[in-house]
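In what follows, chain A forms one complex with chain B and a second complex with chain C.
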Partner chain A sequence: MAGTVESTIKFPYKRSLGPVLGAFMTALTEQRIMGIRSGGRVIVPPLEWDPDTGVELAHDFVDVGPAGTVESWTWVAKPTAQHPLDHPFAFALVKLDGADTALMHAVDAGSIDAMSTGMRVAPRWKAERKGHITDLDAFVPGETPETHEGGGAEEPVTMMDYDATITYRIPTTANQLRSDQASEQGRFLGLKCPICNRTYTGGRGYCPIDAIELGEEHEVDLPQKGVITNYTIITPTPYPGQTATEPFSRVHVWLDGTDVVLGYQTLLDVPNDDVHIGMRVEAVWASEGEKVDKDPRMEGNLIGFLPTGEPDNTDPDLVNRLH
Partner chain B sequence: MAHDNDIAIIGWNISPMVRNTEHTEAQMLLEVITGAVTDAGITRKEVDFTCAGSCDYVAGQAFSFVQNIDAIGAWPPKRDSHVEMDGAWALYEAWLRLQMDDIDIAVAMGSGRSSTADPELIYSMEMDPYYLAPLGADAMSFAAIQARALLDAGKVTERQMAEVAARTRRDGKSRDYNQVTGDFDVDALLATDYVRAPLRRHDLPPITDGACAMVIARADKARELCENPIWITGFAHYSELHNPGMRDLRSSNSTTLAAKAAGIEEGPIEVAEIQSAFTHEEPLLVEALGLGPDTVINPSGGPQAANPIMATGLVRIAEAAGQIRDNGKHRTLGHSTSGPCLQQNLVCILEGGK
Partner chain C sequence: MAHQPCAIVGVGQTHHKTRRWDVSLGGLVREAAQRALDDAEMTWKDIDAVVIGKAPDLFEGVMKPELYLSDALGAAGKPVFRVHTAGSVGGTTGIVAAHHVESGRHKRVLAVAYQKQSEGNAQFALGSGRGFSIGAGGAFAPFMRSYMYRTGAPAEIGPMVAVKDRKNALKNPYAHLKIEDISLEKVMASPMMWDPVRFLESCPSSDGACAVVFTDKEGGEAAAKAGRQPAWILGSAVRSEPSQFPGRDPVAPQGAADCAADVYQQAGITNPLEQIDCAELYVPFSWYEPMWLEGHHIAEFGEGWKMVERGDTEIGGRFPVNMSGGVLSSNPIGASGLLRFSEAALQVRGMAGEHQVEGANVAIAQAYGASAQYFSMWVVANSLDPFGK
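So, the complex of A and B:
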C-alpha cells in the first residue's frame, strides 16, 4: 500500500415530503401509524402511487395498528452508527393490524431468544417527535404501545433531515507520495509519457492519453517558471473553510515545457486589476521546516506564484489552454 | 445463427480480487481494459463506445467516473457513458448502443473499491431516503430477512445454505483471481455463530476490490476479429417495487420475467453464473430462472468467492462466456442483481457457434 488519505464526508440531506409521506410523518408526531388505500389493499408505509399500476392514489388514509405481527426478522448483534438503536436489536418486517404490506423497523426485544416469526409487537414512541421514521423509536414485544403525553406537530410536517457520515480511506499512488515529497522540497515532480512525450504534473501514475502506467522511471523535475493562461477574481462568500474577506485572484499557470496547466493557483503581490493573461510567473516555496501562513488548500510547500518581470507572452491562443 | 444485427463478446479481463488493493479505481480499470482489448486482439483506438458501471458512494467521490475515464485513453475523444449500476448494466447499454448500427466495437466495464469505506454504511444510503435509509437499513439485514422468509417457508434449510458456501468456495479454487476459496466442512460451518441471524459468516460474500472489462462487437466485426465469437442471444432486465416489505420475498418475479424475455426457454442452459451474493439467494434464483439439475451453477465460485461490488454481475457474464470459449459449452447464462432483496434482475444468455 502506497498510502491512504482518510476523509470523513457528511451528507446532510434535507428532503421535501409531499402530500402522502408528509401526512405519514405528521401522523407519527401524533403517535399514529397511517397507511393509504390502494384498491382493496392498505399500503403501509404509504406510497404516492399504486405499486402495481403506477396510478396516483387518492389521499385516502387509514390508521393501522397500533400492534402488528412480525413477518420476518434478523438479529443485529453489533449495530452500526446509522442503526436506530445502539444495543443489539432485531430488524423486522412488521405487518400492522389492518395493513396489507409490512413496515421495516427495529424491534427492541432484548434478546434474540425473544424473537420469532409471527410474534406480536407494538410501537414504542419517542418523547420528542419531529416527523421522522425514527419518531417510532422501535417496536416492543406485546400488544401495548408505549406512548407519551402531549400532541403532535402544530403544523403539518413538510420536510425531513437525513444526516449520514461516512469515513473513506482513499489510496494514494507511489507517484503521488513522491510528488508530495517533491513539493515539500520546493520542486514540481512531473511524469513524462514515453509514447506521446507529454509531460504531466502531479502523481496519478498513468498517461490518460495512451492509458499506460507511469512509474518512478518516468518522473522528471519540472521548471519553476510559467505563464498565466487564464484567471478569475473571486469575491468571497462565507462557507466553511473560507477565510478570505476581500476579492482575490486565482490563476491558471502553464509551466514552461509541460503539457498540463496548474489550475487555480495563488498569485502573490499583484493587485487584482493588474492580473492578465500572458504574465510570466515563478513558483515561490516555503523554506523547509518554515511554518508559513499560507492558504490551507494549497498543497505541499508551494506558497504561490510571483511575477518574474519578464516580457509577457503575447500568444493569443494562450487562453485556449484549459488543461 | 447470428444475424447482422447480432452482437458478440470478443474479449474480457477480470482483475485480481482482493480485500484491499493499493490501486486506485482508475488504475484497476486501466489494467482490465488493457487486458480486455488485448484479449480481443485490438487496441483502445479501435473502440467506438465505452460504458462504465461504478458508484460514487463506494468511491467516496462525486463524479468519480470522470477520473476513471483516464483509463479509457479518451483522446481523441470517445463516445462514453456511465451507469451507477453493476457493469452488467453497462454491458446492456453498450449492447443497445451497438444496435444503432453506426459503430462496431464497444467496451463495458465495472469497478469497485469496497475497501474504501464500510460497505454496510454505504448501502443504506442508497435505500429509500424516507422510510429505509434513516434506519441504516443495510444489505446484510435485508438479506437476512429474506433468508428467514425462505427458511420459514421451507424453501431452503440452513444446511443447504452451508452446502452452497462449501461448494462454491471449493469450486472457486479453479480461478486464480478469487479471494475466498477452500475446502470447508458443512457441519463445522453450521456449528459457527450467527453474524446476522439466520446468516452465518459463510453465508455472506467477502468484501472485495476488483474490476472487469469486456469487449463486444457487431456481427461482421466480431467474425473478422474472432474465430469463435460468443453471441449475446438474449438480454433483459426487470425491476420490482423497492421496499422489501411490500414484496413476496419467497420469490423473484423480476428474475423470472427477465429470463423469459431473454429467451431462456428456447434451449437448455448448461452453465449459469448467477449473482447470488448470499447463499440463500442461489436456490431462490435457480427456481426463479426455471433451471433444473442439469445446469451447473457458479462453477467459478460466484460472488461467494469474490464480490467486487459494481463488477460482480459483469464477472458473471464473463465467466458464462468463458464456459463457451474455453470449456466447450454451447449455451450459458449470466445473471446480475441490484437493490435490496434482489429488487432488480438482469439475465444475459450467451451462445457459441456461428
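So, the complex of A and C:
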C-alpha cells in the first residue's frame, strides 16, 4: 500500500525589475497602465525587447486605457489562496484602449453570467499600492475606473517581492513505506543486491550499479552501531527558514559489518571540538508516534547518533569511507 | 571525426556581482548575449537556435525560464533548448550548443547560461527549503578531508590555490571578488566555514551570465579570414554517475576519469600535461584544483598538489589553471561552467587580455555538479590540427 508525503516550500524571492517593468510598476502606483511603442504597435505590459526581432526597444512609453475590452476569459469558480480574489472571478485577456496586445488580469464580474467576450471593463485600483501587478485589484464591468485619492510611489519602483509557495506530494513506494515502518520500530532496513551484494538504505528500491529492482525479498536488518569515518563542521548562514544559529557537525557513519555508510548524519551531545574520525556511535530513534522534523538525509524516524563510549577505531584509512 | 567541425566565434559575459539589481533577469542574460554577438559580429537575426542553461529553478523561483527569457534572447520562433545538469550545467550547455552545429542541423547557435543568486538563496535552495542546510561546502568538505589524508598534501595547498585564483581575478575586469591584499596569511586567518575549508577558500554568491556563439566550419574560417581568430572544438564529453553507492569514490570519481579519457581521445591528446597549454577547472573550493588535476588525469594521483606547491598552475607556470580567477572569484552557479568553457576559448583565441597565457594553442575546460557526479569537458584549440597529425 503506497501513500504520499506532502511538503511545502516557501521563499520570499526578490525581482529586480529593470528599466521597463520598473516604469510599468511605478505607473501602477499612480493608477496608470502603461505600454511601450514597438514599431506601429503598443505592447502592454511593456517589454524590454521587440518580440519579433529581439531588438532593444526605446523607452517610448504611452498610457493606455483606463477601460478596455475582454478578448477571452475563463471562469474560476473555486479560487485558491494564491488567486487574486477570494470569491469566484474570471481570468481574462483585456485589450486596453490604445493597446495592441492584451493584458491578462482578473475580472470581478460577480457571476459567470455577467461575463462575455467583447464586454467592456475598467480597472478597480487598490487603496494601498506598492508597485505590483496586484495594485490593480481587478477589472470591473463598465467604462469607469474605481480610483483613490493620493499619488504614487515617492521613489521609482525598482524591485518586486515575490512570495512563492508550493505544496507538493511525493508518492511513497512500497519499499519506502516498509523502510519507514521499520524506522518507526527503531530498525534500520536495508536492501541487499543479489548480484553485487551492495546494501542500500532508505527504501531505495533498486541497485544503480546492476540496474535491477530490489524488493521485500532482498530486505536485511542492519546493525545500529557504527563508526565515524568523516565529518564536517558547518557554519550556518542566514536564510529564510534557517533554524541553525551555531556551528553544527555532520558525520559519515559506517554501520558495523556492512558496506553501508550514511552520509551527513546528526551527531548528538558531542561538542564540535570533540567530533573525530574513529568515534563509535549508535543510532537514536524517535519513539513511536513522536513526530520528527526530518532532515531529508536522515532515515525515517532516526534522530541522530550518540557516542557508545567504546574505544575508538584507530584505522587511519577510515577517512576514505565516504560511501 | 563523424561530425561537422564547430568553431567558437563570439564570447560574452556580464560583470559578476553580489547583486545585479540594476537589470531584470532578462537584462542580465541579454548583456552577456549582446557582448557575444558583438564579438562574433552578428545580430540577433543571424542566430538559428538558442540553448539555455541554469541551476535549479528554486534558485530564482522562475519556472521554465527558457520560455520567460525567449524575448530577451531574440528567440521567438526559433528552437530553444534548456539544459539542466546541476553545477556542471554551464559546461553542458556549451556542449549541447556545439552539438547543434556539429550535427549539421544549425549553422549559428547561441548558448547562454546564468544565475541571479540575489533573487533567492542558494543555501535555502540546496537545503530544499529546510533549516540546517549543509550547502555545497558542507557536502564537499568530507571529500576534501579524505583527499588531504590520502595524498598527504600540506595544509597550505588549499590556501595557495585560493591566493593564486584571487590574484588572477585582479587581472579579469569581469571577476566578482577583487581582494587586492590577498595573502596566504589572510586566507589561513579567515573563518573556518565548512571544516576543513575556510571562508576565503570558498566561492562567492554572484549574479551573472555568460554567452557563446558557435558556428560551422565555413563560419569559423570566414572569421579567421577576417582576422578574428576562432576557437575550434577538438572534443567534448559529458559523464554522470549515481550520487551514492557502496564503493563509490567521490574524491576521484569514475565519471570524471571517463569524461577526461573520452575528450582526450577525441582531441588526440595522449599526454595532457605536455599537449595542453592551460585549463579552466571548476574549483568552487580551493582543494578541488589538485583534486581535479588528478581526477582528470592531468597529474598522477597524489601529484596534483605538488603542481600547486611548485607554482606550475600560476599564469606563467608550466600548466596554468583558472587564469580568469575561476569559480573561487565569480560564481553565478549556472553560468560558472560556461565561464570556464569560454575562458578556454578566449585563451586559444589570444583574447584573454591581462590573464592571457602566452602561446596558448590548446586549452581544456571542465565543470562538475551535484554530489561531484556530473561532469562536462571540452578541448579547444586555435586550429583544427594543433598537433600536426
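We adopt the following convention: the second predicted complex is superposed on the first by the 239 of 323 C-alpha atoms of A that agree within 3 Å, B and C clash if a C-alpha of one lies under 4 Å from a C-alpha of the other, contacts with A are read in each partner's own complex, and residues count from 1 in each chain.
The criterion applied here is as follows: a residue touches a chain if its C-beta (ideal position, glycine included) is under 8 Å from a C-beta of that chain, and two chains touch if they have at least 3 such contacts.
For clarity, every value in this text was computed on a predicted model and none was experimentally measured.
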item	value
A:His276 touches, of chain B and chain C: first, second, both or neither?	neither
First, second, both or neither for A:His59, with chain B first and chain C second	neither
Partner chain in contact with A:Ser72 - chain B first, chain C second, else both or neither	first
Partner chain(s) touched by A:Thr173 [first = chain B, second = chain C, both, neither]	first
Which superposed partner A:Ala164 touches (first chain B, second chain C, both, neither)	both
Which of chain B and chain C A:Leu17 touches, first, second, both or neither	both
Which of chain B and chain C A:His87 touches, first, second, both or neither	neither
Touched partner set for A:His148, first chain B, second chain C, both or neither	neither
First, second, both or neither for A:Ala211, with chain B first and chain C second	first
Those residues of chain A which chain B touches in one complex and chain C touches in the other	9, 11, 13, 15, 17, 21, 47, 51, 162, 164, 208-209
Complex contact set, residues of chain C against chain A	19-27, 30, 44-45, 58, 60-61, 71-76, 116, 118-121, 123-124, 127-135, 137-139, 141-143, 145-146, 149-150, 191-196, 242, 244-251
Chain A-touching residues of chain B, taken from the complex the two chains share	20-24, 26-27, 30, 33-34, 44, 57, 60-61, 69-75, 113, 115-118, 120-122, 124-125, 129-138, 140-141, 144-149, 152, 194-199, 241, 243-246, 249
For the chain A and chain B complex, residues of the former touching the latter	1-2, 7, 9, 11, 13, 15, 17, 21, 43, 45, 47, 51, 71-77, 79-84, 91-93, 101-106, 112, 117, 132-134, 160, 162, 164, 166-171, 173, 204-206, 208-213
Complex contact set, residues of chain A against chain C	9-11, 13-21, 47-49, 51-56, 158-159, 162, 164, 198-200, 207-209, 230-237, 239-244, 248, 250, 252, 259-261, 263-264, 295-296, 316, 319-320, 322-323
